[in-house]
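This report refers to the structure that appears directly beneath it.
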């Protein structure tokens, strides 16, 4: 089976992460995976949500949105509808949860980081690109706090990236674009740390259920993709990369 | 490690499924897993949502809600807040998607089935109990349509049940209650068919990421739980059980 | 005229009040009047709404909801609509007002009691069953506070129950079920205390106006029903019943 | 007991009904009862709500609102809050139901009449003044349709007015102003036809329950007030008054 | 060209401002310009919005609404729609901004004035009539505060009025009524001070763009109208008028 | 007075319009004026809103939004608030109205064009940049329809651009950035056609009213800016530019 753009089944799309794209935000990136493009900004706020007040801990949260014409046909704005769709809520809960898993909230202190992920063009994998990009934007923002000598310990505990995998026809594929995703029989999002452990695993049998053997194959592809993504993250982070510890793949965490 | 109620790590809580609990609904059950209690009704409507009109296919969807005092402290009603929480949206999307995976929508014809899952007492595992119960309520409702000779083929293609598993301390456990769930380091919901294939897999490293070895152990527990749940489903379905095919565990689907 | 289920015109439907049905709530009942079934929970909160703060007085309020398939055809959830219907608002205001009329809010102290009335099956008279059941749930909850020695005086000042009456054809009937209610010409809800005085009286000429003579006949039926309901309340309250004073019917209050 | 403005206990406040106050509406009045002032417009629409389509019947409905500074302290606009209060919903349902009780909807044909009741100054009794005024506005609007020869029968079947009564101190009073209403122990709204029959009766024991004897006394006062209101309605309706039949007080309907 | 009511192109409609029309509000007027009628109330509140707290400055804000039948066909209430239209928001922002421009907020002290502009009949020019009327209501309210010796300096710094002008056919007209407005090619709202300077200028080429020459002509008409409006304001303000300074037309401000 | 970036008082910021930035939209641009950056997409839909159905005319409308961190401090998303702010509504109404003024809706036929203006970085003048950019995106989209031979006449009747001007200190300035805008005493947005006529003029005396002389000066600056903007539009439109007629500046339209 040949993929639409000549990719191998275990090959990522071309990936670019442009950093510091916004002059106001504490951290910002434009992440492009093939034709999927997401602007991520990280905002630091020197306070925490009410449920955390006075506990000396920080918070990391995310919001996700697509511009109306990020997709082939125009979608109604959620602001005009007056409420978020279930899909948006699900995605932004996932992004926030994933990022918090690699942040020592105690070490962050009573401050919040909000990751705004705005999809300006969508061609599959927008939620995983958001996570991969948000990690970089967050690292820049936390580094900025660190440079102000406000942190005793660097609060990021490991790298974090995410990728989609799926079964199209009978073939397991890495990094599905929209066309592949829309005919996938099985669809899975994998979020992993630099240490090779799982942070989130969400698999859905869209067209039919899937077996253990298929699961194993998909996880293998995901693992490969994640390592490549993290390699790019390290590169664009430059000197900040050195501050982030990374477990060894396959090791117990 | 001893579990709060003397259960083994691979043991389900006591399970009761009471059928036909509502005199109006086409199908209805009260499912009780330990102290978690969910009322599920299945409503048949002889029309489909706009996006499916004229395609000769049916639809299955779900709504989920908790009574305000289903939990230890009272929660504000979503009707009073004026909107659904992200958690509710995520859960009802999951339930609907899971049930559709074992229904031949073509065979159902242009009609909809709505599964209303109302949690009257919550002690962990409300979303998985909703799926397990909703499958039974849906089977009763579809059987009712079948008895009216409106269906050429019985549209349910396999059994379906769901269970939660997780890592508490360093131990993998089956069917977490609320107390266990709130201190779980890893939390996973498994939805499987009677044929032993996965329909949904959602694992989250709440306190720390998890390894492949842990994943395998959790999936093993989940599989065991699902088989026991499906055995109860077959029993309460009585003669309807015979109309539902079931794959063999471990077989390719 | 024979009623659908062989009842006399002045006869209540079979009534069951099951108490302490929820393991978390301070008070809870399942009230069944014929096929009308309502779950009521009473939640005690050690604070009051803003408008009462610092006045040393307590508050009693109610919320009312029907499960979507409590009725013959499924109703859209109010949480999905994004707002309460006028009917729901009217009913929950009535329930709260009625219960407050038999509570000495000063004696209750700065705490709130919320009565959640969730109709799981509706066959007429859901608002009156809610009031009758909520009184019992509230008594259990207040007794729980009393047992913690937080109250100088038991704050419930009298019994309280409610019933519907109406004119069907030309006949005044007690306790209308849905079928009777939907063809009633006159419809009236009566809320009374143990002392035989009125707390609320809401009569509507649905099909035609009604005369003073009809009003008198309906009030007579209502009074009879209320006494029978209160007798059941006393029974299920057991020893708590002794703490609640009750005026004599017909006496000035 | 002397009332704040020297009124007798069975005396209405000064009443003025100014007709045709709006140049666009099919019917309109400004009703003033003491310092309570309500603008009512009646709008005729040549169609009916969806649930009545194709049945050859008409519809009468009402909306109620208070200007923010109709009261002593300013109230937030419901449009700014984004939803109607329970009080508003309750009142507009009452007004619509009351007016429909004296309209032959079959004779009205497939058209709707909307009564907009906007309180520009509130001093007690705004819902009853709205009903009394809306009857006149509706009569003008229906007469306008009749003059276009669109109606075979004049669809108004009787007069309709409403008044509040209550117990203040130990005294039953007619037509409470705000000051009296806020200290009333019992509060009742009475809606009656020209024939002396009840359309709505809503009594609430605000401070304490009330007895049958008190109920009888309040109904007597209400009846007296209603007759006086209807006399004024007849006067301002002029020749239209002749088209509206009126039962005899005390007669069976 | 003759105008519908025989007016000259530079002639205002008959104007009446009735003051103190509401017994509760600190200031109130009914302003009538031809058939456009607006009730304005001014409410004084001894606190400011959160963003101004502790700055020793006051605030002036406005809300605007039309009764449903203020217009030829009935409009849905914004309270029923659940949100304000863009038109309403635009208008109430304009009114508030305009009034603040002639109030010394420092001199007002930490208190708010809310101007509620409720259009009871609309025949064009409702936003400009609201501004002209609100100025008078505000002056009465501020004078009331001044009479309580709470103000060191009278905080109103100049007169303020507003008028619409437009091009109908090829003719520039002052004070358009609804009929003229709906066929206007160019539409402009002018808000000016007593000193003859502009506070707001909003011109729209509805049917076609407009030239500098047309702009000049429209501004001339507007200026003339404003002077006449301010003359009436002075008259109805009586002794309060003396407290308000007024620049000289044409002078630099 | 020297401007923050050495600009003359009548000098625009550096302007870039990048075209066709979105692979799905019928027209798209990224417009950058200094640090203000707006993504505009034009979506063609082969139907019109309900109020225009069957009239053979088209429609042009706009939506406007800012990413949460487009500004110095993060703003709450309107989708999360559940409603649009008044500012957003005002701006998107302005953009739509301005664009419609240079489109022959009859010639467009029964189709709609939606301009989505999403501000990714805001440094003053976002609404005027949106209009200037949206004109180009719209021209590309309409040209695409024209190339499909669906249009008898090219429906764009003139060029259109917008710019802000204002008085800072005592100096009239062209194209204010955020810093200048926030201290401006007078603020004006000017929308003009290629023919030099006004489409919209919105001037506000933020800190003080403004005189006729100031108005004239501001209009002069605006005119100069608009000509320069339109020159850039012509360049980026390439061959499409030839299809758009342009009046002569100063001529009567």
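The letters A, B, C, D, E and F name the chains in turn, as written, and every chain counts its residues from 1.
Heads up, the rule we're going with is that a contact is a pair of C-beta atoms (placed from the backbone, for glycine too) under 8 Å apart; a residue touches a chain by one contact, two chains touch by 3 or more.
Everything quoted here is computed from the prediction, not taken from an experiment.
Novice: What are the mutual neighbours of chain B and chain F in this structure?
Specialist: A
Novice: State which chains count as neighbours of chain A and simultaneously of chain E.
Specialist: Common neighbours, chain A/chain E: F.
Novice: I'd like to verify one number: the distance from the centre of chain C to the centre of chain F, where each centre is the average of its C-alpha atoms, in whole angstrom.
Specialist: One centre to the other, that is 61 Å.
Novice: Suppose each chain is reduced to the average of its Cα coordinates; what separation in Å results between chain E and chain F?
Specialist: Taking the mean C-alpha position of each chain, the two centres sit 29 Å apart.
Novice: Go ahead and note the Å separation of the Cα centroids belonging to chain C and chain E.
Specialist: Computed value for the inter-centroid distance: 52 Å.
Novice: Give the residues of chain A that touch two or more other chains, as numbers and ranges in rising order.
Specialist: 82-84
Novice: With chain E as the start and chain F right after it, run through the chains round the ring.
Specialist: Loop order (chain E start, chain F next): E, F, A, B, C, D.
Novice: Contact residues on chain E for chain F in the complex?
Specialist: Chain E reaches chain F through residues 83-84, 86-87, 89-90, 92-93, 97, 101, 158, 188, 192-193, 195, 197-205, 208-213, 215, 219, 250, 252-253.
Novice: Give the list of chain B residues in touch with chain C in this complex.
Specialist: Interface residues on the chain B side: 22-25, 28, 35, 39, 41, 43, 45, 63, 65, 67-72, 74, 77-84, 88, 114, 116, 118, 120-121.
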